[in-house]
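Shared chain: subunit A. Partners: subunit B in the first complex, subunit C in the second.
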Partner chain A sequence: MNRAKRESIFINFKNLNKRSIIPTLLITYIIMIVTVSLINPLFVSLESIKSILIYLALTGISSIGTTFVILTGNFDISIGSILAITSIVVAKLLTLETLGIPISVVIIAGLLVGLVIGSINGFLVNVVGINSLIATLGTLAIFRGIAYVFSGESLIVYDNTFRFIGRGYLFQHVPVTFIYLIVIFIFMYLILKFTRFGRYVYSIGGKAFVAALYGIKVKKIQFLTFIISGVTASIAGILMTSQLGLGRGDFAIGWEFKIITICVLGGISISGGRGSLVGVLISIFILGSIINMLTLADVPIIWRDFFHGIILILAIVIDRIRVRRGELSQF
Partner chain B sequence: MKLTRILNIDQRKVSNRVVLSDNIILLIVFIGIFLLFSLLSNKFYSYMNLNIMLKHMVLMGILAVGLTPLMISGGIDLSFGSNLSLSTVIMALLYDKGINLWVSIFIGVLLTILIGFINGVFIEMFGILPILFTLGMMSVLLSVALVMASFQYADIKMVTQTSQSIAIYSDELYIFANSSFLKIPIPVFILVILVIFFWIILRFTRLGRRIFAIGGNINISKLFGIRVKKIRILLYSIFGLLTGFAAIMSISLTGIGYPYSGAHLLLPVISAVVLGGISLLGGKGSIFGTLLGLLIMSVIFNGLTILNVHTFYIQTFQGLTMIIVVATYEVRRRRSLNR
Partner chain C sequence: MEKKVVLEVKELSKHFGGIKAVDKVNLKLFEKEIIAIVGDNGAGKSTLIKTISGVYKKDEGKIFVSGVEVEINDPINAKECGIETVYQDEGVISILDAPANLFLGREPLRKDFLGRAFKFIDYKYMRDETIKLLDRFGIELKDINAELSNLSGGQRQTITVGRAAYWGGRIIILDEPTNNLGVKQERRVLDLIKKLRDEYEVSIIVISHNIEHVFELVDRIIVLRNGSKVGERLKKETSRNEIVSMITGVAA
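Up next is the complex of A and B:
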């Protein structure tokens, strides 16, 4: 029995940290940046970087929330629908001229949408006991349908204060959405690393059965992760409404795919229990830049999905190879 | 002593209670929905409408029937929508370039089989979760279909994401889609033949028993000497073949090769299969369950369309039906465990 195999049986946590996926991701990202900026120097210009930061903040916020769900070994593919319905609710409340609802109330209402749909998902998965993929596929269809119905046309938001929430810049150059991303990232990172809740999330993903034997309330924790995922999706929805200045029912179609790609690329194991938020953050950057990179490298837009798919496939194949070589544990 | 007591109680309970099987519940739901729509609209029960409903059901049905054994064995393929689209685009493109209709259809079907095979090989050889791999494949194939469809234009960069279908008009396909025997459209017979074929395979052959065994417990199947990887790769390839059949059905119904022609099929087909009682973990399910799930989904879709309900609401209703029925399954399962 060689050394790698022996290690795969007795999990050595010190070793796991040493061989994390993060350096590989960073090097990949740097190589990508260098290559693209050699092809087209415009990529490293201030405007380009700004637009990338604005673009990646929304997917980033939402994928940080979904990471929790995936860490417990479940899926949440209803994110896109939650985002769309939040945007409809927010835009509708803001366009009701006669009432003049204050913006803080509107934002709370938007977050409530995410909370409610997240709890519906959590209820279906934990109380009723449906497989999370099927349950969220169902809610995906239901709420996408409702979101479409409520928006015959785009609901345009004229409120300038609300528009600033997503469009403003700090110190003239740093987009506020990026600041939100960083704040949410740090907050979630601390929760995952230093609280009991965070440790429980990891242990449920490792082996839910064993976690239950240890007295962890598995269902309660899983319920909470679905709520976190829903609320972050609705934060992204509010920001998107503010950035584009309108609410539409077809926002964020296909986001579930993007976000699962981000999580897998960031080293989050789909069977749960392994991976860190730092990897997710780097892969948010990689996937957020890639559209910009392709455009600047003069690749036709129809190839975009091709690259997304190939990245996902490569990420999972590499993940499996690393598991097989004993660099990572199965858990 | 205790054991016999438990057994006695169990036997008494079983003999006293009429336990409905899952398929009978589905049948009741189906008849209920069918009657409801017949009452709500007088157009629903017309020959024309049933004809259209059946034809579109065949398209979904071929896919659902192929997906059933695959999901029983614990696999899943989400890439069939894009696979179908790519196949229609290839068929139409080849026909457009002046190649014989049958040759171009043959190449299209060959391609879907190849893609199914690639899915199977990658998933089994690397031990990847099938959901993830086929999700990636879905996006790759969609993009390839878009690129292929843009070959008819001179400048690819001018092509936007929409508006790129390739016409494939031919008498043979039109006749295939529109003729009927004993007032039943011809495609329906093909679905019936496929259903019977797969039913026999799953029920009476060694392969069928092995498929159930793999889905039930993969490790024990390996210990029994079942070649799990081989069988699953075979199932992925068979599903590819059926996706090719569905692609033929799609081009005969619509007359175009279109990169998004399979995009709307993912949700209804998966819902139909799941409604039919198949669990994502594998080891459970039957062809007739799938057929009933399929009937329910297409009746809902068709009935709501007849009632002039908007397409988006229909999606909502389909999602709701799926969640309600699957929730019922779960509750029943847990009750039967407690009993």
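Up next is the complex of A and C:
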């Protein structure tokens, strides 16, 4: 009896190690913050924290949506293009002053862009049957191209109400975009954790064949994940247009790379099925803070990609090790 | 004493191109009976059960469940007819836990406000039912929410087989249930299959390479060779030698 109990503690501990990356992430983040703020107290100043929150909110919102796609074992790398084209559409509608389109309609139109391109991705992957990486590589190029054609020069947005959407502060210091991030996070977390749809996303990533055998509509669920990813990219696009007061065809170039880094670092396995949104949220904070640290340390912006790349590779190596450990323990 | 026929397959054929993987096979399964389908590699065992369970679409023949002809076009049809199949290695999603696997595709919703308004899943009910079911088969998991990849092969097999029974399958097809298992775990799974028949009163078709296990478990043995049925014997009227010679086609 005693022995069985000892064993059970041991096994639980092992499971925790393998299943959950969250404690590790949290500890890493805390150590990081404490060390950096000891070196440079500016890092924890109000202004610095504000700029971190503003910076991480948009990539954060987008990565929460893309997490669904990666959990099914697919990729969506067209997010940057969806964001750019949303910004063009929104800015165009707002600059057609003669029409005087209400802001609510403009926002809905922006969200529709994500819905439509997400559906195109979903169609290519699930109906035509193209590998998701290739399909979204195609839409990435197509919609980036269209965005460039229609933007010409950048489109400047003068509407003050619209500009407030992405720039306002709550209680004077909390950026509204950060509030959106938290609201979207809670909503998506509940869906992923407590609904059948969420369970099926994990099941498909685990073994799509078995999921189908048990009556799960694999294609329909995968289709929906691409729509979610598209719509969250559009939300980020609307907010970016509002923050910068601009619609541009070259917005969010290379975002696919940032977003995948966030997801993988947050413990979302690139082979699908493993990971949670809590990990992604912590990872959003970690990456957002790292960028801010680099800025404070006067590291030129051109080095950011270098650090992103290193983090991505490290995160993928950790992911591989975890997956392999999982496979080994099957026998 | 006339026993009820729960499953009858008449003249069932399945071709792949010019190859007759299953050629005009007839078989009957009585209630509370365990039968084995044996044969060499490529004899058509797997194709036969995959055709019955809807993974492949049959080319010719008829399938009757409890005397009524049924059309089985996909695995969901088969489940609706009460035919549950447990495939080797493919039965579970090993990164999910036992409750998630037991209720895969049939997750119960909470009965309170959260369930009605937001369609939240009732995890507690799933856990309780899983513990009850595993308890019945003599398995106690140290952590009910552990990924199945952390369990032994025997425990995983119990969950797959238990799931088939839990969902009220009247006919359970087991594809190589003792493959890849240790000796002790083999024993457990064999006992589990017998228990399934006795307690849940289901009829079982077992596919196995292992003649010892077949002789221990089943009432009747059906031998396939090159896609055709070459013989059928009651266990008490045959011997291991006879079955082996039927499988290989070499006279004993």
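In this section, the second predicted complex is superposed on the first by the 303 of 331 C-alpha atoms of A that agree within 3 Å, B and C clash if a C-alpha of one lies under 4 Å from a C-alpha of the other, contacts with A are read in each partner's own complex, and residues count from 1 in each chain.
The working rule: a contact is a pair of C-beta atoms (placed from the backbone, for glycine too) under 8 Å apart; a residue touches a chain by one contact, two chains touch by 3 or more.
Model, not experiment: these values are computed from the prediction.
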Give the label of whichever partner, subunit B or subunit C, reaches more residues of subunit A. B
Touched partner set for A:Pro300, first subunit B, second subunit C, both or neither: first
One more residue to check, A:Ala135. First (subunit B), second (subunit C), both or neither? first
Please work out whether A:Thr35 is in contact with subunit B alone, subunit C alone, both, or neither, and reply first, second, both or neither. neither
Using the touch definition from the top, say if A:Thr161 reaches subunit B (first), subunit C (second), both or neither. neither
Between subunit B (first) and subunit C (second), which, if any, makes contact with A:Leu213: first, second, both or neither? second
Determine, under the contact definition given at the top, whether A:Ser45 touches first (subunit B), second (subunit C), both, or neither. neither
Once chain A of both complexes is superposed, is A:Leu312 in touch with subunit B (first), subunit C (second), both, or neither? first
For the complex, which residues does subunit B have touching subunit A? 122, 126-129, 131-133, 135-144, 146-147, 150, 156-157, 159-161, 267, 270-271, 274, 279-281, 310, 312-320, 322-323, 326-327, 330-331, 334
In the complex with subunit C, residue positions of subunit A that touch it: 7-8, 11-12, 14-15, 18-19, 190, 194-196, 199, 202-203, 205-207, 209-216, 273-274, 326-327, 329-331
Show which residues of subunit C lie in contact with subunit A when the two form their complex. 75-76, 79, 87, 90-96, 100, 104-107, 114, 118-121, 142-143, 146-147, 149-150, 153
Name, in rising order, each residue of subunit A that touches subunit B in their complex. 75, 124, 128-131, 133-135, 137-146, 148-149, 249, 257, 260-261, 264, 270-271, 300-313, 316-317, 320-321, 324
